[in-house]
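The following block contains the structure, expressed as structure tokens.
Per-chain numbering from 1; labels A, B, C and D assigned in written order.
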């Protein structure tokens, strides 16, 4: 194992806690593997065209593998193809790409939404109306989740959507939208969120509105609220930002000749509610007050990441 | 010769009254929007709704103060949202280490620095404020991200006092008013009744004439951009108390609305005209407009079209009503 | 001759800087060659068109803050109409979106003239409108660009020893810009655009119709914007309704390129060279695997410092 | 190469030549509160050169702009070749045969000459012919216009106008910025135009040019045509009388005590060998405490540079400025103000915060320095401002924004600003330009009053009658130098006029 590799990373959302954890997991895993010389990170807010540029720049830099969180399933295929043609291993994390020469490792986004929505509708007794708080209009992951949400909705004919809004995955926007909805007096019986969750709970408590069941992600802040906020019924669906570390592991395995059987590896999300005992136990175990409230608590993925929690929080890559 | 002879008709009288009291026009527009909301959602306009609207309008109005002040001189401050975000992020990450008081001081230092650089670029190098503040905004964002790397392990805590300010209520009204009312009063007084405030208008109205009167414009620009950055920093502190989640792009979504609030409020982008009272109403109009669009069941695209259309219509109407001289 | 030199001094300096950067790139990455040039050019395409559009409006004494949003409208329109389109239909779509760009630009310009509001206010409001239009056409990334048309901007111009160095995208960019710019620059309309930006009163006295010229300038910018939107869709293969990061980048490149905000001065070459400089700086920083955040700082510093230098020179010039 | 139009046009019948080609009657125009034209009439026949005369602000340029479609008139009629006509734009006027050279250069500053010619559709051959005729054989074609000197710009403007072969050529102070040799060429070319049957409307403040070139003179005063006389020997006096009007005959004007101030001891302001820019060559004078010193000069003799240098607006190229015996060096107007020198510029637009209130306009110098940036003592300021308003009798019914005030009241605001804080040395540059007779009187009285209280005033005026109305002494500047210093009592208008034209003064001095 003395061969050292250079790995390139491309990500197009900056300043979002989930994505920051993803980058730190990539760094920590690369350092921990001992097989990575240097990481070459293109991490900024941009569109698909900007990501095409970043991937091509990484190709120019002569990296051995590229781990990418794609801004869209199809739009960056051209550059990925150029990379794999040049012998570079490409792994997409968090969301899949359709280019057949690339490997995908991601949370099952459709399943993510389905699990949470199903729990919510069940909790509501199979009837009533929900506030459906989506991610960014037009983003890839948002579409997949929409499919999952709609699948669950079809199974519960007595559940309807009271309000559908796009939070843009932005805390302030989501919070103001919820406050507006509460103030408008529109009746609803549950809230499904695409990961903008803790501010939604805040909106309820701050306006002293009666709580309804709320579904969010396993972000540290929300996980804490599920255990501490009086009268809150809710569930966190896991969506590990540490999938970035898994992507690095997969890339290194492929570089070493251990190709997986399938091009696509899906991590199945879990759901932790604060109603069942099993769920409560999971929440208890997952809680980590040291984490930024926006960071998912699942800082590692068994079998895929090897770093410690302290290492991912330290966020140091090879050579730093 | 004499103007006293002509008796203006009642319509002309009203026209003149509106022209001399532009805020009244804006308040009427605001009332119409609220009325529309109440018709569409009967019962929505209650104490709680008003409290929430005010709560969200306040940080916007504060960032819009930066735009109002800089626009009085014919400038703009596009770094305001970055400065606010930096202050918010720094205060939350320093709080666990140095305590609230010092954290707040530390969080405002980058603001002062960025303000000084803006003042230098605009006042001494005569760079267009749009470009200058865009550049410092980019630099600030980059530095914030580098800083974030450094503190990622230490975690963040929003100071309790800021939470009280941002989210608390007393007698149904948001506590943020405790900060905002004095702020607005001071700013309104400062615009008209301090030498510095007068000079902002003077420079915007006719920089050459101000020079002729002995004003060294660069001094004013330095003061202005530092002041603007400080206000932005304080707005960021308030905003993080409201959202309770410091992120690296916290106040970014407020930037364009802050410009829009100032423009709707009647501040001339060419300088020399405008008042903070108009901006406050502008911020309220935008916040109510947002609520209105959130509650209307329509595609996101249509919402944005209506948002842009209303901004354009209000600004054009307002310009017509108040600028017929 | 000396005067001609000083008139183009800024642009010559930029060209020198560009050459220097190319040499530096070659030093950092000895393998940098045809494919590297190609990826830089392809990345530059949307920026270049957005910059050209902004330049035309700024030269006319205005500014257009809705450039990126209009590009999104064109991008999604093209992607929707091209999905499964044949040869004739594809060309018709190209013509249609160019016309669409012209129409959107003309509407912007007409509103500026009719409302007599500052350009910046009108185009800021219109940026929300165009964003909304794009989202109405496509809620999520989708549609498809005609594959063979994508080939037009892919790869080297022809196989062979020398010509293979020249990327097709560079040729496309140069040809399209020259097709719009050269005739314009020589026409009376082009002169009128400079004239209204330089001194509207003198222009009026020279027989220029100010309102019509302003509308025309915005419309021409709209055509360039359409080319930019088309180039995004062709390079990603799909249409994205959320505007990319082109607006502020274009304003920055225009100012860096020697076009004076306020109007009347500058050309297209400088801004386009500035676009390439900014792209290559990014490439070099990726090649050096510099911390991505430092890249943002470097870009901001280049903008602020270069323009401050320009400002100081201009103040000196005014004094002299 | 010479064009042949002369020989073709000369064959025109006398009858046709007699009918006016241009006939404007009763033209009026106001800008907000300012009445620029009340009742202006002008008639021009073929082959005729008509001088349009009038004091500064009489409305000459406004009339030219209205005739050529650059401004829309409020009232009056315009007939071209006997038909009612209105031009919507200068382009339309050019197509109709009326071509102006405006008072301000009208080439696009950021385009080069070549592009400017293309923009205006100017034919090349004739243009180059005229440039050669006018003495600029080789104009730089690919240099931005803003790099060219003013004199060249004026010539290029003229050549451009001539190249479009106008039936009526309108020249607004064409020669004001030209050196003598170029003036000669312009006069020659214009004369040839007339000889070729074309008509010319010629505006100039220089009588020598008028009598050499023109057939007739139409005189404007305060926006109305007050006379139309053939040019013949001795007509200058009549024109001057018409231009100035009866309102300010010397006898009436000398309403003040003839007791001048002491002109001994250290002067308040001592200027020696001052030079600035290309026009101000070498000016020396003393201004004493309690004195009003008049400055008389034709357009462009260096008086702008003199006032700018004294006010700290531009750095002198040479010479010294002393205040109360202390040498001064001003880098910024603030320095001059600190030394007690305050300027009221000729163009009030330069000095006014037009979108601000009367009060803010008057009080602005007070808040200029950072130590006055804090809270304003509103009461005291109010009293101070009220006192200044009272003293200048400013009509403040339109308080809100000064741009709504009448021109005269606006002018008073620019002066009141310096009265409010107590004035030491006031530099007044043509303070009565474009304001009514009553207001003028008030300003003279004010100036005398200030002097009586110990202030010093440097008073440039383009209306010669004002010298005796307001001043103790007068310096006459010609070609950037002082050519004469007179006691105001001795300086009647004809005398000043001749001195200003560089005529008698030199004889007297020689």
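Here is the rule we use: contacts are C-beta pairs under 8 Å (C-beta built on N, C-alpha and C of every residue); 3 or more make two chains touch, one makes a residue touch a chain.
All values derive from a computational prediction rather than experimental measurement.
J.: Per the definition at the top, count C-beta pairs in contact and tell me whether C-D or B-C has more.
T.: If we tally the C-beta pairs in contact for C-D and B-C, the bigger total goes to B-C.
J.: Between chain B and chain D, what distance separates the C-alpha centroids? Give it in angstrom.
T.: A distance of 45 Å separates the two centres.
J.: Rounded to the nearest whole Å, what is the centre-to-centre distance of chain B and chain C, using the mean of the C-alpha atoms as each centre?
T.: Centres of chain B and chain C (C-alpha means) sit 31 Å apart.
J.: Using mean CA coordinates as chain centres, what's the chain A-chain D distance in Å?
T.: Roughly 73 Å separates the two chain centres.
J.: Please list all residues of chain B that touch 2 or more other chains.
T.: 145, 149, 300
J.: Multi-chain contacts only, two chains or more: what residues does chain A have there?
T.: 45, 137
J.: Just spell out which pairs of chains touch, all of them.
T.: Listed by label, chains in contact pair as A-B, A-C, B-C, B-D, C-D.
J.: Show me the residue ranges of chain C that touch chain D in the complex, using the header's touch definition.
T.: Against chain D, chain C makes touches at 3-4, 7, 188, 191-192, 194-195, 197-199, 201-209, 264-265.
J.: Considering only the defined contacts, which chain B positions touch chain A in the complex?
T.: Interface residues on chain B, with respect to chain A: 41, 43-44, 46, 48-49, 52, 55-56, 145, 148-149, 152-153, 155-156, 167, 169, 239, 242-245, 247-250, 252-254, 290-291, 294-295, 297, 300.
J.: Quick check: in the complex, which residue numbers of chain D touch chain C?
T.: Those residues of chain D that touch chain C are 70, 89-91, 94, 102, 105-111, 115-116, 118-121, 140, 142-144, 147.
J.: Along chain A, where are the residues that touch chain C in the complex?
T.: Chain A reaches chain C through residues 38-50, 52-54, 56-62, 72, 74-78, 136-140, 142-143.
J.: Spell out the residues on chain D that touch chain B in their complex, using ranges where they run on.
T.: 32, 311, 313, 332-334, 337-338, 343, 345, 349-356, 360, 363-370, 372-376, 378, 397-398, 400-401, 403-404, 417
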